[in-house]
Amino acid sequence: MNKEHIVALLQEVQSGKCRIDDAMEALGKLHLPSLEISQADGHRMFRNNFSEVIFCEGKELEHLCRIIDQFIAHGHNVFGTRLSPERAQMICERFSTADYDPVSRTLEVTLRPKTIVPGKLAIICAGTADVPVAEEARRTAEFYGIETQKFYDVGVAGLHRLLASLDEIRKADVAIVIAGMEGALPSVVGGLIPCPIIAVPTSVGYGTHLNGFTPLFAMLSSCAEGISVVNVDNGFGAACAATRIFHATSNANREK
Amino acid sequence: MNKEHIVALLQEVQSGKCRIDDAMEALGKLHLPSLEISQADGHRMFRNNFSEVIFCEGKELEHLCRIIDQFIAHGHNVFGTRLSPERAQMICERFSTADYDPVSRTLEVTLRPKTIVPGKLAIICAGTADVPVAEEARRTAEFYGIETQKFYDVGVAGLHRLLASLDEIRKADVAIVIAGMEGALPSVVGGLIPCPIIAVPTSVGYGTHLNGFTPLFAMLSSCAEGISVVNVDNGFGAACAATRIFHATSNANREK
Amino acid sequence: MNKEHIVALLQEVQSGKCRIDDAMEALGKLHLPSLEISQADGHRMFRNNFSEVIFCEGKELEHLCRIIDQFIAHGHNVFGTRLSPERAQMICERFSTADYDPVSRTLEVTLRPKTIVPGKLAIICAGTADVPVAEEARRTAEFYGIETQKFYDVGVAGLHRLLASLDEIRKADVAIVIAGMEGALPSVVGGLIPCPIIAVPTSVGYGTHLNGFTPLFAMLSSCAEGISVVNVDNGFGAACAATRIFHATSNANREK
Amino acid sequence: MNKEHIVALLQEVQSGKCRIDDAMEALGKLHLPSLEISQADGHRMFRNNFSEVIFCEGKELEHLCRIIDQFIAHGHNVFGTRLSPERAQMICERFSTADYDPVSRTLEVTLRPKTIVPGKLAIICAGTADVPVAEEARRTAEFYGIETQKFYDVGVAGLHRLLASLDEIRKADVAIVIAGMEGALPSVVGGLIPCPIIAVPTSVGYGTHLNGFTPLFAMLSSCAEGISVVNVDNGFGAACAATRIFHATSNANREK
Amino acid sequence: MNKEHIVALLQEVQSGKCRIDDAMEALGKLHLPSLEISQADGHRMFRNNFSEVIFCEGKELEHLCRIIDQFIAHGHNVFGTRLSPERAQMICERFSTADYDPVSRTLEVTLRPKTIVPGKLAIICAGTADVPVAEEARRTAEFYGIETQKFYDVGVAGLHRLLASLDEIRKADVAIVIAGMEGALPSVVGGLIPCPIIAVPTSVGYGTHLNGFTPLFAMLSSCAEGISVVNVDNGFGAACAATRIFHATSNANREK
Amino acid sequence: MNKEHIVALLQEVQSGKCRIDDAMEALGKLHLPSLEISQADGHRMFRNNFSEVIFCEGKELEHLCRIIDQFIAHGHNVFGTRLSPERAQMICERFSTADYDPVSRTLEVTLRPKTIVPGKLAIICAGTADVPVAEEARRTAEFYGIETQKFYDVGVAGLHRLLASLDEIRKADVAIVIAGMEGALPSVVGGLIPCPIIAVPTSVGYGTHLNGFTPLFAMLSSCAEGISVVNVDNGFGAACAATRIFHATSNANREK
Amino acid sequence: MNKEHIVALLQEVQSGKCRIDDAMEALGKLHLPSLEISQADGHRMFRNNFSEVIFCEGKELEHLCRIIDQFIAHGHNVFGTRLSPERAQMICERFSTADYDPVSRTLEVTLRPKTIVPGKLAIICAGTADVPVAEEARRTAEFYGIETQKFYDVGVAGLHRLLASLDEIRKADVAIVIAGMEGALPSVVGGLIPCPIIAVPTSVGYGTHLNGFTPLFAMLSSCAEGISVVNVDNGFGAACAATRIFHATSNANREK
Amino acid sequence: MNKEHIVALLQEVQSGKCRIDDAMEALGKLHLPSLEISQADGHRMFRNNFSEVIFCEGKELEHLCRIIDQFIAHGHNVFGTRLSPERAQMICERFSTADYDPVSRTLEVTLRPKTIVPGKLAIICAGTADVPVAEEARRTAEFYGIETQKFYDVGVAGLHRLLASLDEIRKADVAIVIAGMEGALPSVVGGLIPCPIIAVPTSVGYGTHLNGFTPLFAMLSSCAEGISVVNVDNGFGAACAATRIFHATSNANREK
């Protein structure tokens, strides 16, 4: 039962065609549509942005192609994460406009121009081993229309590298900070810049690194205030959190 | 060596009073001041807001009073977290303007009016046991000049309570979502609203609740995109992360 | 907006007092009531049974008394869990009809006679240290109108005790099996009887017992098929799960 | 020594053929048979249902075939779990009546018609990644003669999907609720329906998902009362627990 | 139903007083007694030794006194473990023959002389902090009639202390080796002596000692072959395991 | 420097060929030999038994062959554990007298007849999945000259199987009890028989089985007294612990 | 048997008073003394330094006093760690020369002047909560005669504080770096200075800080090379490790 | 901006070409160079030593070759760790002077003679399975110009092997002690020798060995004072820590 059905029902009540008891029963079943009605337009647009993303890992190739087909048929841009190079090749053969990036293991098909979100996102990462996660964040954010700037390989054991980029980093509106090993980079960055910081631990390491739980816990225990954290290796999730912030910022601008 | 010292040094070089070699040696030691110089005013203001907060747990009473004294002497507003009622009473006897809240266990001394940050922060919590953490977040955010709105006791086992508040929740610019038990609330909220969401797990529970690690891990594994998380019971940290977002939003407004 | 409000609204539509557009807007906000409407009577009764239980731990005495007052004022029976003897004494002084049991640490106030649910629940526990959890399960089940039979101290290291009671145990419709230590009892019972079994690990033990995680994991890894498990020490939860089964059984009877 | 042997022995005692001392010695060894005697017929039938299931993982192909042969020779229906497609193919070539399902990785050989158990089992799962576990539960339950209904891909981040199916779900007698990620679905379902709920965590996820321990612990810590839980990915075990409940329900019907 | 009852029953069958059907029914219930019959005398004596031990922790004082009373009334020696000094004092006032040892926190009441088991048990411990566990083992073993010899404070960081006692240690028939910290002592001892070794980790330590799990895991991972381990701090259990060995040894002697 | 060297040295001192200072220096270096001297014959024989065993996993094939060659050259029997079938085949081609068992993955080369140790070892295991560990224990024990008896597939969910074998099991002098899943078997056996029991957890399972840590912890937390435990899957270690007990028993016989 | 005894024995062999067989037997028992002989003087001095330290936690007051008495009687300096203020007061009343420090909870009694070890030890700590551990390290090092310099409250979230002290820190020969929270300080320091660094995690924190395991694991996973780590809160152990290095350095000086 | 640039800037100030304001602005950005300036020469040399090492795992072959090329082009010696034999072969074909060691999986290209650091490093390891880690430590240390001596296969279960080497071990200036299994070797060595000891746990083992966490925790809980620890399998890190000590020792020599 959608919006038109309810209007029709009310018209039947108005015209006397439908008894109030019967209308009550019909309305008693409409909780889902009523939920849909109350979801603002802005939200739906926002939700769509997210829902078009495909988590490719574990999905069969044929299944993936069907989803992509469907998205393209509806004129949606497509973004896929965690796609292996082998399967990407087969998909790219089928969808000639698909753009696959083997480092971030993401796939993008752009049909309609993206709405550019104002502001700049700094993507800061500690070591070269963290680059795939950083690139997943960067590609995701750019798919959502956000401008990014890379600051890679600026880990805390060679502090001068980070300090050399500090002036540039300060210009960002939001920062995603990615680190494996001991996960110290977000704490140091958090003490140096005032903008929202989303920290991402990575799973590269061994022994006490605990597949990323040590940097995860370190980031959650950070001595720098106001840092929030996403799951291990979740570059995509960090970019989504950043996108939520950029949308909030845009809304703020629009409203005032 | 501060800014004035460097200017003076350069003047001595200019006037020939100081040899270039000696100037080089003096400058070789100035990394800290040079770092200070490059920290923009906006940043310092922001950092100060954070640094005035006192984590009271584990600090001796006398030590606490001295810090508060010092803050007041400099005309700063004071905010203290994790302060037990017993010690709060002794502090309030000494500082008559101090406002202590036993639920959030926070202390506030307001000397100068706060700058109000535009926008609204929703503080959503699952059960009555999570209220102390929610209140720590609320009091912290209000100390930083942010308007808040409470949505308490709207846990997922009684979904109608959450749905009843949905329209109001949607009006918020940022949401802090607090839950113990299985920590499911941020996932449900994240699927319903588009704004930035900071999730806070709480330590109230027993057995497999693992003192808050189960809701923490559940939140980090959330099926709703773009949720970021802070440490267990860290209402203060969530409010700081929200503050970073509100400041970014304000800056965005200012700039355009 | 409740049921009466919707009827009134429809009557206004019928009479032409309210325009369809305005009715649409009003209905757009009613998802909660619509949800309530769709909840069958049987369910509400069932939900009520559960919602009247008070988890007393962590609630202030005054707060507890107010809840009890409110329940009594509405003519509801009251059941409280995890109530310490000290606080129970104060409550019993105030509510003369309250019945407190120090072993299970539960409180019951019975105002109206309970509906007796047909069938019998076996409460089986391994050692004397597990009795408090067993009693919490027993008292909860009896509050919900279920007849129970106790089989205590029948742990697997003295197998003859369990085997001696086997004929009696087989007569039960549902069994709650409680064990600490290595948590082996549900596996042995599960191999001997066919009825639904809800296993409860207890936290009494030390070292590798891991505060109940070892029996919890043992029960979840049981070689006896079809055993389901609740949280450590959760005698209340086990009784609720059993109650759900007894209600399903009663419904089955009613229907046929 | 079975029942007939004991009767024969007693007859020999009666007739004087056997001395009491010798009878005592013979009886001293009969604890197992005596145990067997006390196992009711209903139980044996029930136990048999369970024991015919073969956990295929880790068993050699030749060994598996021999077991299946033996079952078929005795006229038993056969059900196998955790069987890889490769080995399934070889088995199906040998047993032409075997029905293998690659999603649930289960094998069934039906020789005699199943006894249909009255009632309906809802199988509810959160995401597409949880479907294999859901299907293992569904196929197992149907092997035991239980009617099932599927509600797949109704995870909590898109709440409208679950609410849209709610009326149908409410008609079930028992529900199995399967979820990976943060494992929130059983809590939400548990608050909406009154029937027995068996929750199954799945191992699909990464990082803080802990291979299924996070949804497991979340389910055990659920804020919805009366939910019981089985091991990670244990769709088979959940169906067995449901079967125990359906048998109890049937017995209840029979008795009254 | 005990042995005499069965004989009586058979006599009634023999004499015709009891019908075979009735005898069958009576025997159908006797699985427990039949189990009892098959337990050899040696076993019962052995089991009794164990069953007379009282784990005092968590038992109420009055309950404890009643158990002791009962044991004394039956002429049994009494042994209690994990008894705090405060409660021990009250018990000793009531039972004048009770012998309490505050280090091992054990209580013994000896009414009849113990049967001395041939052989000698070495009790070896690493540090002074491990002495309470060592003493629990020693007192338990002596209660069971085993001669013990103490080798305390011979931890591996001062190897000469252990080597100085080696000749004496070699004369033992069984060794209990107790260690906290890194739990290395059993490995070193295991490489030096050939007799059965039962290792006991202790919970004294901090940080990575993990309340005894580090020495526990170290002992289970020992590079010295043939070492078996009991739970953390379980001096009592180690003595029981040793007692089982001494009984086996005695039996071996008796038989040959 | 071995025993003969010391005698020779003393003879030189006696004869005046060697000065006391020089003898002192030589003796200062002899702690190892002196250690060797003080190791009793029985011990050396015992140690040798153990040291001839080769842990094959992770050793290169060529390295393995060289060790075996060396053992054979010295007339020692050889025993290897954790040897894969592939590598075993290559070894057996080279050493025609080698006897490889693919279930236990052990290799034996018997050159000289083994000394038979009096007594009997029961090897009891819960399920078919535990058989490889049970067989490793059996083959190891038999290599050390111990007679064994198998009681396989007697897990606690089908208690009658264990009870049926109980009389036979009681005749054993030592029992090794092997179980995966919930690890309940040693507790049940421990309550039924008085002899020394060495429990072995196995790693077969999934989810909460924790690769064997759940049965390990369950066994260490057993409610049956006097059970000691070895590492996960350590059938070899259990047999070594049993061997130490059988040697102690033999010595006891010899001495008296 | 000490050195003199061996010489005497050899003289008896030389003179013919003692037979070679008897000498062999006597020497067979001398492994400990022979070990003692081979321990160099330097070592003994070193060992003594360590052995005079008393770990006070868990020792009874009377026992502590007796140890201190004994040390003083032999003219040794005394150092005690983990001594609570309450017990310290009682000890100081008895030993008037005792110097107790409540922050580090250490006690020192200095009888003879300490040998000053050349070089300087930097004690660097992140926050004020880490000071007790830092002071334990400092007091221990100074007891061993090492000069120390404090750099406290220089955590990474306020990087300028650390950088301001860098020139001074660089002059140290060894650095102990202490941090709680995310434990990032050693990584940052390790990238800035070349000397040996011993990292100490502290237990102050909550939630994901895991009582110090998060900084411990972070330090062990550090991206800065050549950092070694001691147990949580082990300021004493860090100072001992530093002392070993200073002694090695001194020896290096002496030798060349 | 490097040193020359600053001198040039000052000369422009001196000559009046550059205004003080402009110089201030330029200097405000130089924190990195100013940091560089303050790093002493000795440090840079030291840092370089470390930075030339390549962690090969996870890097692409082509990327590796480019790094090596670059190092060689600048005349640096090259050292690579964690390089698999397969990839090493391809590298060695390209760089004829490369020396690959398959046991330690390290690669070295020596272009200029190494500066020999005075002193000797003992590399002590418990079992043959620990040799790869030991060799990584040895090869790393030798790359840094340190003389090493091997003491392999001296685990604590055969104590005589360690004691036999003790005199030689005592001559070392620093010791790296490597052990898997229960990780007891560092404790025993630490009690016998006074020099700095760096302990390395290895990941070889199974079950309770926890992939090296058990020896890691055992070493951190060691009863021997002053032992510091590096990450599991981190032979490279241990050698770096040793190198820091040897450099400190050399500096000490130089200064005096």
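Should a chain be cited, it is by its letter among A, B, C, D, E, F, G and H, assigned in written order, with residues numbered from 1 in that chain.
By definition in this document, a contact is a pair of C-beta atoms (placed from the backbone, for glycine too) under 8 Å apart; a residue touches a chain by one contact, two chains touch by 3 or more.
Since the model is a prediction, treat every value here as computed from it, not as a measurement.
Enquirer: Based on which chains touch which, give the shortest step count from subunit C to subunit G.
Expert: 2
Enquirer: If you apply the touch rule, which chains end up adjacent to both subunit D and subunit E?
Expert: The shared contacts of subunit D and subunit E, listed by label, come to C, F.
Enquirer: Let me check something: if the centre of a chain is the mean of its CA atoms, which chain is farthest from subunit G?
Expert: Most remote chain from subunit G, centroid-wise, comes out as D.
Enquirer: Work out the mean Cα position per chain and let me know which chain is farthest from subunit B.
Expert: F
Enquirer: Mind checking the centre-to-centre distance between subunit C and subunit E? Centres are C-alpha means, answer in whole Å.
Expert: So the centre of subunit C lies 40 Å away from the centre of subunit E.
Enquirer: Just how far, in Å, is the C-alpha centre of subunit F from the one of subunit E?
Expert: 24
Enquirer: Determine the centre-to-centre distance between subunit E and subunit H, using the mean Cα coordinates as centres, and give it in whole Å.
Expert: 51
Enquirer: At least two other chains touched by the same residue of subunit D: list those residues.
Expert: 29, 31, 35, 38, 159, 163, 166-167, 192, 207-209, 216, 220-221, 225, 231
Enquirer: Who touches whom among the chains?
Expert: Every touching chain pair, ordered by label, is A-B, A-C, A-D, A-G, A-H, B-C, B-D, B-G, B-H, C-D, C-E, C-F, D-E, D-F, E-F, E-G, E-H, F-G, F-H, G-H.
Enquirer: Where on subunit D does subunit A make contact in their complex?
Expert: On the subunit D side, the touching residues are 128-129, 159-160, 163-164, 166-167, 204, 206-209.
Enquirer: Give the list of subunit F residues in touch with subunit H in this complex.
Expert: Interface residues on the subunit F side: 29, 31-32, 35-36, 58-59, 203, 211-213, 216, 231-234.
Enquirer: Applying the document's contact rule, which stretches of subunit D touch subunit E when the two form their complex?
Expert: 3, 6-7, 10-11, 13-14, 16, 20, 23-24, 27-31, 34-35, 37-38
Enquirer: Can you tell me which positions in subunit B touch subunit A when the two form their complex?
Expert: By the definition above, subunit B touches subunit A via 35, 38-40, 42-43, 46-47, 50, 53, 118-119, 163, 166-167, 170, 173-174, 192-198, 216, 220-221, 225-231, 236-238, 240-241, 243-245, 247-253, 256.
Enquirer: Which of the residues in subunit C end up touching subunit F in this complex?
Expert: Counting only subunit C, the residues touching subunit F are 126-127, 155-159, 181-184, 187-188, 190-192, 205, 207-210, 214-225.
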